[in-house]
Amino acid sequence: MDFAFSPEEEAFRAQVAAFLEKEVPREYREKRITFFDMSAQSDWIQVHRSMAEKMGEKGWLSMHWPEKYGGRGVSPFYRLILREELARYHSPGYDSIGCGIVAPALLLKGSEVQKKRHLPGIASGKSMWCETLSEPNHGSDLAAIEVFAREEADCFVVNGQKIWTTNGHFADWNALIVRTDREASPNYRGLTFFLVDMKTPGITVNPVINMAGHHEFNEVFFEDVSIPKENIVGGLNKGFYVVMSLLDYERTTDTVYAIAATYLRDLEEYACDNDLLNPVLENRFAQFKAECEVARLLHYRCAWMQSQGMVPNHESAMSKMFSFELHQRISDFGMEVAGPYSQLTEESALAPMFGRISSCYLRSFAYSLEQGTSEIDRDVIAQRGLGLPRLR
Amino acid sequence: MDFGLNEQQEMMQTLARDFLTGEYTDTVLKAMVKDEQGYTPELWQKLAKMNLTGLSIPEQYGGIGDFLDLIVVLGEMGRVCFLGPYFAALVLGASLVSEAGNEEQKRKYLPGIAEGKIKATLAVVESKAKYDIDEIESRAISQGGYYVLNGRKLFVLDAQSVDYIICAARVDDADVEQDGITLFIIDVNTPGVSIKALPTVAGDKQSEVVFENVKTSAKDILGEENEGWPYVERVLHRANIARCAEMVGMAEQVLKLTLDYAKERTAFGHPIGAFQSIQHRCADMLVDIDGSKFATYQAAWRLNQGLDAARETAIAKAFVSRACRRVMASAHQVHGAIGFTEDHILHYYTKRARAYESSFGGIDYHLGKLAGLK
Amino acid sequence: MDFAFSPEEEAFRAQVAAFLEKEVPREYREKRITFFDMSAQSDWIQVHRSMAEKMGEKGWLSMHWPEKYGGRGVSPFYRLILREELARYHSPGYDSIGCGIVAPALLLKGSEVQKKRHLPGIASGKSMWCETLSEPNHGSDLAAIEVFAREEADCFVVNGQKIWTTNGHFADWNALIVRTDREASPNYRGLTFFLVDMKTPGITVNPVINMAGHHEFNEVFFEDVSIPKENIVGGLNKGFYVVMSLLDYERTTDTVYAIAATYLRDLEEYACDNDLLNPVLENRFAQFKAECEVARLLHYRCAWMQSQGMVPNHESAMSKMFSFELHQRISDFGMEVAGPYSQLTEESALAPMFGRISSCYLRSFAYSLEQGTSEIDRDVIAQRGLGLPRLR
Amino acid sequence: MDFGLNEQQEMMQTLARDFLTGEYTDTVLKAMVKDEQGYTPELWQKLAKMNLTGLSIPEQYGGIGDFLDLIVVLGEMGRVCFLGPYFAALVLGASLVSEAGNEEQKRKYLPGIAEGKIKATLAVVESKAKYDIDEIESRAISQGGYYVLNGRKLFVLDAQSVDYIICAARVDDADVEQDGITLFIIDVNTPGVSIKALPTVAGDKQSEVVFENVKTSAKDILGEENEGWPYVERVLHRANIARCAEMVGMAEQVLKLTLDYAKERTAFGHPIGAFQSIQHRCADMLVDIDGSKFATYQAAWRLNQGLDAARETAIAKAFVSRACRRVMASAHQVHGAIGFTEDHILHYYTKRARAYESSFGGIDYHLGKLAGLK
């Protein structure tokens, strides 16, 4: 048992903090822009890319990779520290998809050629990624994917529509999962995982604006998009297994507990400064603080497992679900703290926390949906974690 | 004990529902949320023609029906997420004039409201936004037979589309701790009145209204000098109950949307509405909605009977607000990603429900009122 | 719309209150014994029977029955008023099973002979009833009933075990549901509803003590118990339909909202008298008060439907579930109000509210289980009330 | 960062688990709850032989292991819902003597505790039962080289089976508002000490202890006069963390019982554990349990490292208590009627968890502490 970071880890944290103190645009910190809220900033993509490249230069985006691929072989806690500080300093720059999902997938299942081709771009912060899984008719039910890639001599040709593609409007590359065998039984055996250059002819990206009025998601249309066969990861018709191992990763990549804790801290500061606290609110603030701490620990457990070479599975579903649902409850609570003022948007000079209360609240409706719904998470915990039987 | 609607209420309900479903489509709603005033004069004329703008106004002033009829219609407006100065004009303006106004004032304003030609709203809260008497600092100083009014009001409903604003203020050296407040009805075109829209999440039309050396007179006082607060309290009861009625209508419509989606959308080979987690959510939604409806009706009925409804109003607003939160959250959960998009109609309801929750006092405010009643 | 009682109803309430003021044993009121807690009183059965007979004499137990069967044909709100006052005055005496379930079943499905034979006993408060549905292997799943009655010339002979029989240890009569056709398909078509004299040879009743240490439930063993054929209600193999209509009744018979509100009132009084209130507790008390009011209205809606000749179905499931779960939450909350004192049992002179806080808490664990679990209630509301499809 | 147990902790865990599962069966538990003292001397001797009564006592006084080892063992005791003066002796008595005692006192008490021959408990709260310094009114008046102690303590753990009670009191004219408290270690056989069992829901052994003109002396003061409270605060941290450890063990065992039942019991043709409503309940139980465990371990680890653990303790106790409520409620819901019977083992856990929740400060108490830390 050891609940402290090592002196080296603490030193790294200090280094990151000093860097962010200097580099994070003042407006992001002043306005307390949270991770899930950033797409609302008009300069976000630019700042995101520039921060990513600065972190890439320092080697921070890949330091937990094996040395062979440009990393320093440090523990996953370094990535976690980095992301905690990014949350604390309201900083953009971390590509959850490229760094959080694609890089681990490549390290785990990619060919040497693929690793050499793609890892450096991710490490440098210069390549940004998106992921296209969901389709209009299939959200949670991955195995039902319909978009089809037909095989030709040296490539696959994709036609169809994907949706809910975060960052699709500026990503350089795309992790695409489509059907390559329509006869496969069970049907999840007919899926393949491709790496796709977003500049490939035939790809159209349309924005899907969310209920907070922000552009974060996209629909992506594929019209005779041809993908070289060497861009298959993990083997033909084996995409489902790649995705499954990715999902566990995805669930541990965002440090939602830290984002939630940062928001809670800012909220309490605001309430304090504006003399809004009373015993009832104080009691609720304290309850949320306790839960943020638990969320942190549930997440650390996953990082610790990874540091020991174990693969968190239902443990990451637990951490992800608890953190996201907690952040959702805190965002809901935020609307109580400032009374009618809470409903003001950032366009109003009277808006508390520069409009953060209302925009965090609106964004939070997706927290129990993204990266797999809370229902799926609970199914996973019950069936994989506790061995409860499936119905029938 | 009667939990049903009477003939007239059912008629009003059908009338309003038929009209609004036909007229107030999702497209109209979306446009109105973007619109600066949030309604069109054409629609207002249609409402007036149907006598809906006369609801709860005494017959001798051109009105029709009682507060319960109005509540039934507001429920239907909730269903379509109606925007516009209807609430302000009928629930705030008309009822204050009816209750506090003298004969002359009633004749001046009420027929006009009933005919759809005049609209008035109420300006109470200031920077604390707490709906307590002691936060009111606007002040009218008497000066040569007139009053000169100065003050800043927040979260004033539909100020941009009304003709009159009823302003709660102190007169002369009235003490904030001890003395009462006075209600002035002010023409929005009076020099010194300035109205500034407050950009809200729901896009409903709330404003900051500043009175700067606005000249007004004793003729424009509703009720007696320093005796205005009891009227405000009663109108706040009405307003909270009316908000509840709208929220119930909104929640009903949202449950309908959710059920339609749950029956049609499939996952893992089944309509998602067949999964127990979805079923149990929907069951809880119905409990919340029916409980909300009866709590609202009970408070409305008491008020309509002229009975004290302080307790029932606090109960209704506290319960309906929380129930609505749960209903909206569940609707989003069942709808999944599609309900999170700007194109979908769901979030219009979610946002508005939250706006209505915080208008005229939030949950803790009403629980505090309830705790204070022994 | 009308949310007031009629002057006649108010007069009846006053009459009941005056009666209870005089008749309820002082100890029951002083110690604030609630309905679900009464079996703990050593004199309960005796007081229960005596109060029942006194109410029977006044005609209160049957006043909402048709005049033909000794009632006065008044609205169901009279029964409701009676039960509200019983709750408010901490009074025993109402046989939920006889008055609440068996009488309506007989009025609805019984033969004239059965009505003449059994209704007077219920109306007079002299016959007490129990109900035997559940079996050790089947709780919620009624259709799976295994206990079998084999047909003989003029009777059926029952063998087997039932369980969770409330009041079985003193009831005079028993509403028994058993299997009479093992081949029936679907299996719920093979059940029959019998009226059984508890003095019939072959019936053994053993106590099942609950976690509060009280004797409320029983196991009932049937060994060659013979039941005359004329004791079948609703027809051979049609017991399931009788039970289904009963369940809706059962859900509306107990005025749980009134029991919960009484407990909440007593609790607040205690907290007030002992200077335990603070803003946080006051906020929670107010929230519960609002919910008690909603529970009351959800229940009144069912009574109103009955008064209009409508049959509440999912509406009664809603009312029952909401009231019971609310009472459970209030009972849980009660344990917070008095701190460590809450855990003291009534044997301690220091116990708050004569030990009511701890005993109400313990009893409350069954609230989301009895009369059908909350899960079944929600299934019913979703499927019957909202038309959501069954899985498969 | 290390979320695992080390070799010694794993060994202690296995040792304790093997011993307790074999020895402390449901039958024993049921008998102990009924028993006046709640344990048998035979069992105590066995614990002593395994050195478990020496856990966290310094080696030079015959002890073994550290606070984390003790926490691990307490978790196992939670699993079997262990009753008896182990918590009092080790978490309260031994740790106070270790921390506050002088060399002579340590030699007098600690080896005896480690050998299982002596047991001591702590008496803090009085009629307010709030664990705040200002509720302590017991008073020791110096008189001819002695002190005469008077006071009434409540909710004293296992007072009926210990040899010594450490009593927190004021000395002479020490002011309740300003001055500190003093800790006296009193032999239970001293004239004037009377112990009366408090009948609790869980049947755990708590007592009312009255000191009536009890003669004691400076030799029996632990720590300095008027300087006792900081020791009490530290031991309260330990006690709360230890309670958390027990509650986590209890919740783990209850989840196990629940899963076993859910897999075996069928309804509507399926094991009930296949229904989504049951699965989601069980999933939430696991989240609550794991979250509770890590919150507990973190606080325990900090304390064991000699770091300040005020924040972590408050977080752990507040979270674990609420999590345990949910876990127990869900276990009952899944078990249905059978879990509501006296014969079933489940309610022993439910009741004890509630007792532990309220011991050394309930949820709101700890949230208040947390709110007070900036």
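Lettered A, B, C and D in written order, each chain numbered from 1.
The rule is short, and it goes like this: contacts are C-beta pairs under 8 Å (C-beta built on N, C-alpha and C of every residue); 3 or more make two chains touch, one makes a residue touch a chain.
The structure presented is a predicted model; accordingly, all values stated were derived computationally and were not measured.
Across A-D and C-D, the chain pair carrying more C-beta contacts is A-D. Set against the C-alpha centre of chain C, every other chain centre is closer than that of A.
If you average the CA atoms of chain C and of chain D, the two centres end up 40 Å from each other.
Averaged C-alpha coordinates put the centre of chain B at 54 Å from the centre of chain D.
In terms of their C-alpha centroids, the spacing between chain A and chain C amounts to 52 Å. Multi-chain contact residues, meaning those touching two or more other chains, occur in chain A at positions 280, 283, 375, 378, 391.
Across the assembly, chain B contributes 275-278, 280, 364 as residues in contact with two or more other chains. Note for the complex: chain B touches chain D at residues 275-277, 280. The touching residues of chain C, counted against chain D in their complex, run 134, 137-141, 144, 163-164, 208-211, 213, 217, 280, 332, 335-336, 339-345, 347-348, 350-351, 358, 361-362, 365-366, 368-369, 373-375, 378. Chain C makes touch with chain B in their complex at residues 1-6, 9, 77, 282-283, 285-287, 289-291, 293-295, 297-298, 300-301, 303-305, 307-308, 314-315, 318, 321-322, 375, 377-379, 381-383, 385-392. Residues 125, 129-130, 154-155, 198-202, 208, 266-268, 275, 277-278, 325, 329, 332-333, 336-337, 339-344, 346-347, 350-351, 354-355, 358-359, 362-364 of chain B are the ones touching chain A in the complex. Against chain C, in their complex, chain A makes its touches with residues 278-280, 283, 391.
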